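Read through the structure below, which is laid out as structure tokens, and then see the notes.
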Amino acid sequence: MEYRLMLNEEERIFTVTPRPAGEGKIARLEGREYCFRSLSINANELLLEVDGRLVPIFIATEGSKTHISLRGETYLLEDQAALRVKRKERPHDLARQVTPPMPAAVIRILVIEGARVERGEALLVVSAMKMESTLAAPYPGLVKKINTTLGAQVKPGDILVEIEPEEENGD
Amino acid sequence: VMHMLKKILIANRGEIAVRIMRTCREMGILTLAVYSEADRGALHVQTADEAVFIGPAEPQESYLNIDRIIAAARLAGAEAIHPGYGFLSENAAFARRCEAEGIIFIGPPSGVIEALGDKTRARTMMQGGAVPIIPGMVNPEDDLEKLAVRAAEIGYPVLIKAAAGGGGKGMRVISAPEELAGAFAEASSEALRAFGDGAVYLEKYLARPRHIEIQILADRQGNMIHLGERECSIQRRHQKIIEETPSPAISPGLREEMGQAALNAARTAGYVNAGTVEFLLDEEGRFYFLEVNTRLQVEHPITEAITGLDLVREQINIACGLPLSYRQEDIRAQGHAIECRIYAEDPERSFLPSPGEIIYLKEPAGPGIRVDSGIYGGFAVPSAYDPILSKLIVHAADRRQAIDRMLRALNEYVVLGIKTSIPFLREVIGSEAFRRGATHTMLIDDLFSPWQPKREMADLACLAYAASREAPRKYQTDAPARGEHPSPWETIGNWSL
Amino acid sequence: VMHMLKKILIANRGEIAVRIMRTCREMGILTLAVYSEADRGALHVQTADEAVFIGPAEPQESYLNIDRIIAAARLAGAEAIHPGYGFLSENAAFARRCEAEGIIFIGPPSGVIEALGDKTRARTMMQGGAVPIIPGMVNPEDDLEKLAVRAAEIGYPVLIKAAAGGGGKGMRVISAPEELAGAFAEASSEALRAFGDGAVYLEKYLARPRHIEIQILADRQGNMIHLGERECSIQRRHQKIIEETPSPAISPGLREEMGQAALNAARTAGYVNAGTVEFLLDEEGRFYFLEVNTRLQVEHPITEAITGLDLVREQINIACGLPLSYRQEDIRAQGHAIECRIYAEDPERSFLPSPGEIIYLKEPAGPGIRVDSGIYGGFAVPSAYDPILSKLIVHAADRRQAIDRMLRALNEYVVLGIKTSIPFLREVIGSEAFRRGATHTMLIDDLFSPWQPKREMADLACLAYAASREAPRKYQTDAPARGEHPSPWETIGNWSL
Amino acid sequence: MEYRLMLNEEERIFTVTPRPAGEGKIARLEGREYCFRSLSINANELLLEVDGRLVPIFIATEGSKTHISLRGETYLLEDQAALRVKRKERPHDLARQVTPPMPAAVIRILVIEGARVERGEALLVVSAMKMESTLAAPYPGLVKKINTTLGAQVKPGDILVEIEPEEENGD
């Protein structure tokens, strides 16, 4: 079986095959070979034995994402197949959108619809857990629509302000 | 020792509310929780004997709403209120209201909170009280030009601070005159939002000081003792994340000197109940008074670990008018204690808040471990409040063992679903600088900014993913008494005898 | 302090194996678990760095099988073996085998285990060593008539005990001559099964003594210290269930006297490593040597709590040849500690074993609480081994606070699916006799036999059942960040503001 | 709604009705009236509020039995309806049978098939968690069948020795 994963933004391709003699499995991963087996403890715990060494694994799935915690480190994995579908579905490139970096509440709105904004101009301020973040215009343009209100709970992916791009002058 | 309290309202949430309730239960006192819309499923509600709903998630409408909290106490017949830390704990108006309503406020008298709450007024007061003060302004100032003059007099770098503040809110370092205007605007706005008061002042900025604080206890009879220091130098965004006691920088002589200075400060203020006198300690061993925190500190458990006292019990006893049952010479410290604050935040993205549902939780345990937790598996951490989830406290025979124990405990700590400070804390605690005790308030900025986890176990994570896909997902051991012999392990010859 | 060990095999299971592994991890030493068929899903396997399967559930085929354990150590390259308590921990042949194989046995030399393991030989040895001995036989005896003669000489009531024993196995009280024959047969058979040796002897039976033991540490260099006493009077079926330190019956003078007697005993035996010298203390304050336990005691955590030491770390350091890093005058006790043993047993049915699957588990936490656990939610407790599930240890400023803390912690402790000693422990700890400190080894027989829980909350249990049938069975709070406002509470007017 | 429960061998009959005004429920239980509501935390936890007082409830179901733990006490509840069915199904009266008191292993068998035994005569010894129990004949008779072997794992309800009753002589 071949796996294609994104592991914290880095692609990992590896194969898992049954062990030719005896039980257990062999994984081939970037030129390295591991012999492993596992014991399921409950829906979120797994005891992994790799080349004779035990590693308790804690695992949680959220949609296409899998969170894995082991020996104090955490990893985010995403299956490539699922990822491809998701990418196609994704309507916007979020880096170019006005969206909060974390779940937060809108505490100030600094522009009105129809206003012209420069790149980097502050549009609104959100607050979560007593920390404030200012969301700025990713490019110059006209504020077409404000999709939120004061006090609203917003989350990453919500497009809070839609901006119609204009030519950037200079710089 | 008997006291007369039957029921205490805990005007707080999260781990500190749970922690206070545990002591109340041990003392045979009923506990009354208050909770907001966002905290219906919160642990502090499940820990209390009674709970009253007090309003929407916004702190101003619930945990900061004095009228509603007083009404809750009246409704349920609570005779006292413990404010915890944060929220109304250093709000003199709230303490005064309690006094007026005949409700015992578990903390100092409102006049003391008021005097010490204004940081500039506090420093002015201390100047006459045999307490060394850091060079700086004694009054807040909102005129930018006057601030610029004062900054030049003190000498850059200077620190702009909220007069009503604490916890790093409304605080900025200013290295050069051109940064003053921006920092003033930001600090003032943040202070206004956090404390309802935008007043700021300037003081000398010490580049790499240690943050040392002294815990004190004072009863109404005028007895006062100190419980030694806590070093709280390890901070991110001006907020403490690791604290320890004793400090590796404090000799017995210096401890005595700082302890006396703290008692002088407390005496000058007419202090009653538990309090903390904060100092900065420079590289030459000189210390300067910063402020007095007129409440239980987040990091109080490390003092409890080495002294064996229960500070919440002491607070309640003092509030009931009982005299201290310890003299200074009864206080003996044993071993070394460290606390790590477990925050819901993403250390890879400049500690951005990370609220959300905790899918799976496993807390460390065993020798020398204490977890003061405000969460549970399945709990949705609200975005409306402080990101603190829990505190992990270790106690061991010496500092080296305490560090090793903390690393072991952090490795046992599993929180899935939201980002936490755990991986970051592991690296700081395990760093050569921390092991050496070379700690100061800029350590994280100097050594861990920006920070990326090492992720040396990426291969294992891949195998774990594959194993989770290929192994059946159910619990597999079964009671042997039922006569079954399950084989959850695929037995491999050379791994078994 | 550096040591050279890289990997230790822990020849045990359950809570003690997990507890030892935690210290190993803190010391940077790899841990090797061994496990039987019944323990594939056991916590100690999940806690180890490596694990070797060693055979069927029956102890003789696995945890008591010397050949297999030695083979496991060889296979995985462990340089040392920690035996925990029970199983092979006091087996001189096992220690000797380790010595022969060049594996470090973390405990005393085999000769010392052998000499002290034979309880009659141990008492003979102590008679010459300034250690007060209880009146009784010095040699085992299997002739019933001779036993009758000796019993008459000592004077009824007498106690029949296994020469190789410990933990109450092979022990019976004989009040009158006609009970002798039956008690002899039972004790001998039980001893044979438990220790592979049916030899028994008689000693004077003290009616209501306290069981007091002294913890000692001795290094290979000949340094020896004691860490004060533990009182272990509260027993059911001759097995300890509650232990505390300091004992309410021990004055500083008596502590010093008993500590010196314990050190005399250890010196007489040429003792090395951690050990415990057990005494009986009668109502007049006279104490009598019982035996030396040549291993880590179940109840060692209460000594760790008040001294601040890690006894497993001390054991490993001593086994590596390091000298003690403490002198007697460095040892200072702080506060009061109590341990409750959480057994899988039914206190309503004379403590009948209760193996089976743990459906739900919630352990207590917070200030002054330590849980050393060998279980988890979903684990099937095997019937093949000791019923101990975990130990709950509390530490507080004084005995009264420790009792209140223990009650709080027992109330927080939830184990569903099997019966446990928790409800019983609550009543014993909360009893007037225990609060007064009027503890002795017959306290449970006198006051709690037979025992039925009070079940004063039967009405609440009925309401809980109804609520569980009528409330939706899913988790209902949700991240407010997702914009939903769940209403898990049916809001009732007068319970909210 | 009427509930008929066996609570630790004692019958409890009570009714639960909606609260006439406002929300919550009223339970009537042996002349006492309680006003209660509840919050489900997870499958095994429930927060119960009774007359304004909070009680965390821990609950687990095993067949027709419900274990409930609250404030350190544990209760065993069984719904009467389920109980009646079960009673009918039960083939023997266990008090009159040779069955172990707990899950255990058989460590000694003291009789052979065809032997005559007195009431109270030891038949076999089982062991669990290092505790031994001797199972004795509940009445005098002939040992018809031994349904176990040395070393076998047995549990309450397993009939280990079948005895054909005989007239008890004297006593």
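A, B, C and D are the chain letters, set down in written order, and residue numbers restart from 1 in every chain.
Simple rule for what comes next: a contact is a pair of C-beta atoms (placed from the backbone, for glycine too) under 8 Å apart; a residue touches a chain by one contact, two chains touch by 3 or more.
All of these numbers come straight from a predicted model, not from anything done at the bench.
Between A-C and A-B, more C-beta contact pairs join the chains of A-B. Spacing of chain B relative to chain D, judged by their CA centroids, is 49 angstrom. Separation between the centroids of chain A and chain B, computed from CA atoms only, is 30 Å. Chain centres here are Cα means. That of chain A falls 51 Å from that of chain D.
Residue positions 40-41, 355-356, 378, 383-384, 411, 475-476, 479-481, 488-489, 491, 495 of chain C each touch two or more of the other chains. Residue numbers of chain D whose C-beta contacts span two or more other chains: 39, 41-42, 49, 52, 103-104, 128, 153.
An unclassified topology is adopted by the chain contact network, corresponding to no line, ring, star or complete arrangement. Taken pair by pair, the chains that touch are A-B, A-C, B-C, B-D, C-D. On the side of chain A, the complex with chain B involves touching residues 1, 3, 5, 7-8, 10, 12, 14, 16, 19, 22-25, 27, 29-30, 32, 34, 36-44, 46, 48-50, 52, 55, 57-60, 62, 66-75, 77, 101-105, 128-133, 151, 153.
Contact residues of chain B toward chain A in the complex are 58, 169, 190, 193-194, 237, 344-346, 349, 352-356, 359-360, 362, 383-387, 410-411, 413-417, 419, 422-423, 426, 453-468, 470-476, 488-493, 495.
Residue ranges on chain B touching chain D, taken from their complex, read 40-41, 45-51, 76, 376-378, 479-483. Taken in their complex, chain D has these residues touching chain B: 39, 41-42, 45, 47, 49, 52-54, 56, 103-104, 128, 152-153, 155. Partner chain B is touched in their complex by these residues of chain C: 18-19, 22-23, 25-28, 37-38, 40-41, 52-55, 57, 68, 71-72, 75, 301, 304, 308-310, 313, 332, 334-335, 355-357, 363, 365-373, 378-384, 395-397, 401, 404-405, 407-408, 411, 475-481, 485-489, 491, 494-497.
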